[in-house]
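What follows is a pair of complexes built around chain A, which joins chain B in one and chain C in the other.
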Partner chain A sequence: MKKSPLDHLLDWSGRILLTLILGFVLLPFIVVLIASFNDSAILSFPPKSWSLRWYANAIEYRDFGKGLVNSLKIAAIGATFAMIAGAGFAYVLNRYEFSLKTLLNSILMSPLIIPNFTIGLGLLILSTAASLPRSIWLVIGVHVIIVLPFVVRSVYVSLQNFERRYEQAAESLGAAPLRVLLTITLPLLVPGLVSGALFAVILSFNEFTASLFVVNQRTQTFPVAMYNYVREYADPTLAAVSVIYVIVVAALLLVVHKFFRLEKVLNVE
Partner chain B sequence: MTKRPFLGWFALPSVLIAFGIAASFIAIVQYSLRAYIPGSLDPGGFTLENFTTLWKAVYGQAFVNTVLLCFWTAIFTLLIGYPLAYAMVRAKSAKLRSAILLISLTPLFLGEIVRTYSWIIVLGNRGFVNAALMQTGLIDAPINFMFTMTGVVIALVHFTLPIVVVMLAAALSHIDRNLERAATSLGAGRVRVFATVTLPLSIPGIVAATSTAFAWTFSAFATPQMIGGGKVQTISTLVYQVGFASFNFPLAASLSLVGLLFTIAVLAIFNTGIRRLEKIGGHSQ
Partner chain C sequence: MSNENSPSVPPNTPQHPAVQIDGVGKSFAGTVALEPVWLKIRQGEFLTLLGPSGCGKTTLLNLIAGFLEADSGELFINKDLVTQVPPHQREIGIVFQNYALFPHMTVAQNVGYGLRTRRVSKEETAERVREALALVKLEDFADRKPNQLSGGQQQRVALARALVIRPKVLLLDEPFSALDRNLRTAMQVELKEIQTRLGLTTVFVTHDQSEALSMSDRIAVMSRGQIRQIGSPTDIYDRPQNQFVSTFVGDANLFTATLVERSETTARLTIGETALQLEPYQTDLPDPGPVTLFARPEQCRLTQAGQPGTIPATVALTVYQGSYAEVHLDCAAADNRVMQRVPANEAPSRGTTVGIALPTQGPAIYSLNGEAQ
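What follows is the complex of A and B.
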């Protein structure tokens, strides 16, 4: 079919629109990349001289190092707890009917609706009222609550697409429930478990608002350390941190895309 | 052998977490009904004073600001997100589709701080946009984006865009292409096919995406805090300020509680909307 002038017009305006939108998405990251190499502590475009000093400063600044260690610790421990609780709950949700199931489900899913600042405030008030110390375990607790719905969802979806016949075959051959679980169910659930764990770690590592309410100087996470830096200093150190952050995340996504195809993970095929 | 193996063991951890969530919710409700004792973290006796305090202009303004931010952010995010999602699902070359996917989704995995900070560099008085406009001589004095609603909306649109694109792309990818082909074969042009087939079929996705954009904007904190800089107060920034500047936990609790009830009401309206639409359209998944 030959293209009419209108079709050409549509094609070209579509291309221009897409370029503009992608430009809007990418603009802040390009600008931050330029700003991170600016030698002066005061922002100027285009930079008059270039240097890597803000990268050196970012690496040397102690709160970033401490925050990074805290965030990795919180993400690892929090994701582990969320995986144990979330996978168990998804299984129970998929397989059994029991009293209070709906109530339990709505409570566990409520963090999807409750704003993070309210979750943070609630846990802060609770720990104050119960005179609990503001330790790293409080931060981990907040993160488990926030990431749990995502873990439950991704394991639950796996269970829904699950071939029950393999389990039934093992059972009919005399395997005990525990053996069926460990040798049939768990291995078949690995994709759901992996994507659940990925979501948990990424969300936990990025979480800022709720953490801000419950951390102290000692337990501050990486995002909180970054926020505190912007409040205290005006130099472009955070631009350098942002550039490293973007590169690491984009590289991780490329790897995930290679192995799992993001279209599939996000259900946009 | 029990009929329901593992039920207890598997449910136990999540039951404990549910107790934690319920307890912190009860703590908020409890504190919202208690008096504030200046200089003390412990609350006083029962009172409804916190809720009457919320009628003051500062708090009303924060509510109005939050609703306006949610409204404008949702509109602009949809206008920008729809073409992007459309291109992501429909672009002819697989390479282009992958590129669009990666570019538009990477921000989803960058925290609120990195993205907001980047926008400060773009929008500040000495930032990229103002420097570019002044050097080309288009303006003489910098345009104020910082500490204004416009600045906060721009950054919030960028913040909610990825999740909206994911939801719209999911909706668009589940539309049966045969319906469009049928329309084309009956002589409808591209514009007409889009306006009468594709767009109407994607409405449930649009409504779902709008409700998510609303929830994200409502709970956004770093963006209004850092770009609004205290000049654009929202419910989230006010809760933080009341909680940490004066340690008035009772008032912070009542403010979040009212905010939460408002969110639930709005999301409930969206949900009914989605259900109705799905019934009418017979939307197939």
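What follows is the complex of A and C.
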């Protein structure tokens, strides 16, 4: 079919619009990327001379290293707990009818309404009152509460889309309920579980507000370490850290994509 | 009912029913999906549940399989009470419309699944999987994943997977409705052959009447959660017991008539100006008064207009169908158009007035409030 001039116009304006939107979304990162190579010790833009010294500084700065290790530990342990609890809750919510179902659902979703600083503050007061040590487990607890709703949602949605006929077929073939769960339901839910875990890890790794209340010098997370850094210095080290961060997360997503296909995990198929 | 000695029942099979359903019913949140049903399915019988969408076919099948819990009644499989038995202990084979093959397993793993749950040895599993795949002519596809198969092949794998466990009863819920017409016909023949060879008690759900008529030993016609008639395909087609069955299976010509007088075997009635005396097959005729008269198109004949004893009608439309033509007629004594098939070269043209001659034996008389659906 031949295209009319109007079609061409729409075609081109569409492309331009798309480019503009994409540029808008990527703009902050592009600015930061350029700033990270600035040789000057103040965050001026655009840079006049170029250098890689802020990357070196970012890697050498001790608190970043410690914060990174803490954050990875917290994200890994917290996401594991959140996954186990969240998948369990999602299964119960999806499969069983009981009188307090709406209540349980609301409680599980309440961290979406309660701001992160309230959660952090609440646990800080609680831990002081109970004179708990300000250990890393306190930070993990805060993170579990914050990521749990996202995990529950993500697993719940995959359970909702799950074809019950698979389980019925397995049952008719003689599989007892536990066997159905282990050989049919869980393997087929893997994409949903991976997406839940991915959300949990990324949210936990990015979490700042609530962590600020419950960390100390020893347990400070990566974002808190970055915050403490800008309070003292205004050089482009943080720009370098941001670039490293984006590269690491992109690499993580690539790995997930290689094993599970991202479209499936993110439910955009 | 006829068909007492169904040809597909092998000799020496036990005499008790394969499945006995005693007053099993089911409601969902107050709406009745299935009224209490009583039904005995014979050993080796091919029973079809036929009915329009939403009439409760799948509900009845799910109750037999144990996926739903009955509100009332008892269910027996081979004399064993199974009402409370969970599905994985009922030893029932089931095939769904969308196949439900496990997507993360190969064809061989799918077919072998029911054997592994039964702790059958590796060697025997491999042997029986091979046999089952041979039965459905898919020996060469053992290592494929389900998404590498066509719809027909997937459905054959689903059938093999259900058969390999040697089920007491095979249940199929509209298994072929996702397939195109040629493939569907081929699969019908294949299933019927396998079922007859194995002497397998089968409950088959469909809303396709020709599928039901061609495959079944008996058909249970359902509507609104009830079985409206159960009998052999000829019972259902030639002797429908109510207006719903007469219109749902096959083509029906229905006339508005007045029943004047009835005796044991004969009925006198008037259709418009025409007076008729008929011998219906029914045992229970309605009371004299307004009634609906039913006859199949192939029982009626078109005649010259004005012949005595015929019902006047006007040709509204003729539809050429190749080997024959369908003549649609406007008739004062019928609510809907009357349809007749004639040889294509004898089709009268539009506007011609004709007479419709009814058979004296065979038509049925239903009371007027006999519902349509």
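Rule of thumb we're sticking to: the second predicted complex is superposed on the first by the 212 of 269 C-alpha atoms of A that agree within 3 Å, B and C clash if a C-alpha of one lies under 4 Å from a C-alpha of the other, contacts with A are read in each partner's own complex, and residues count from 1 in each chain.
Just so we're on the same page, contacts are C-beta pairs under 8 Å (C-beta built on N, C-alpha and C of every residue); 3 or more make two chains touch, one makes a residue touch a chain.
The structure presented is a predicted model; accordingly, all values stated were derived computationally and were not measured.
Q: Based on the superposed arrangement, let me know which partner A:Gly174 touches: chain B (first), chain C (second), both, or neither?
A: After superposition on chain A, A:Gly174 lies in contact with chain C alone.
Q: So which one touches more of the residues on chain A, chain B or chain C?
A: So, of the two partners, B touches more residues of chain A.
Q: Touch check for A:His257: first (chain B), second (chain C), both, or neither?
A: In the superposition, A:His257 touches chain B alone.
Q: Return the residues of chain A at which the contacts from chain B and from chain C coincide.
A: Residues 177, which sit in both footprints.
Q: Spell out the part of chain B that touches chain A in their complex, as residue ranges.
A: The contact residues of chain B facing chain A are 1, 4-7, 9-18, 20-25, 27-28, 30-31, 41, 80, 83-84, 87-89, 97-98, 100-107, 109-115, 117-122, 124, 126-128, 131-132, 135, 158, 161, 166, 169-170, 173, 189-191, 215, 218-219, 221-222, 226, 236, 239-240, 243, 249, 252-253, 256, 259-260, 263-264, 267.
Q: For a test of understanding, state which residues of chain A touch chain B in their complex under the given definition.
A: These residues of chain A touch chain B: 6-7, 10, 14, 17-18, 21-22, 24-29, 31-32, 34-35, 42-46, 81, 84-86, 88-89, 91-92, 95-96, 98, 104, 107-108, 110-111, 113-119, 121-126, 128-129, 141, 144-145, 148, 177-178, 181, 202, 205-209, 212-213, 223, 226-227, 230, 236, 238-239, 241-242, 245-246, 249-250, 252-254, 257, 262-263, 266-269.
Q: Where on chain A is chain C touching in the complex?
A: Listed in rising order, the residues of chain A that touch chain C are 163, 165-166, 168-177, 179-180, 183-184, 187-188.
Q: Using the touch definition up top, name the residues of chain C that touch chain A in the complex.
A: These residues of chain C touch chain A: 65-67, 86-94, 96, 98, 100, 102-104, 113-114, 117-118, 158, 161-162, 165.
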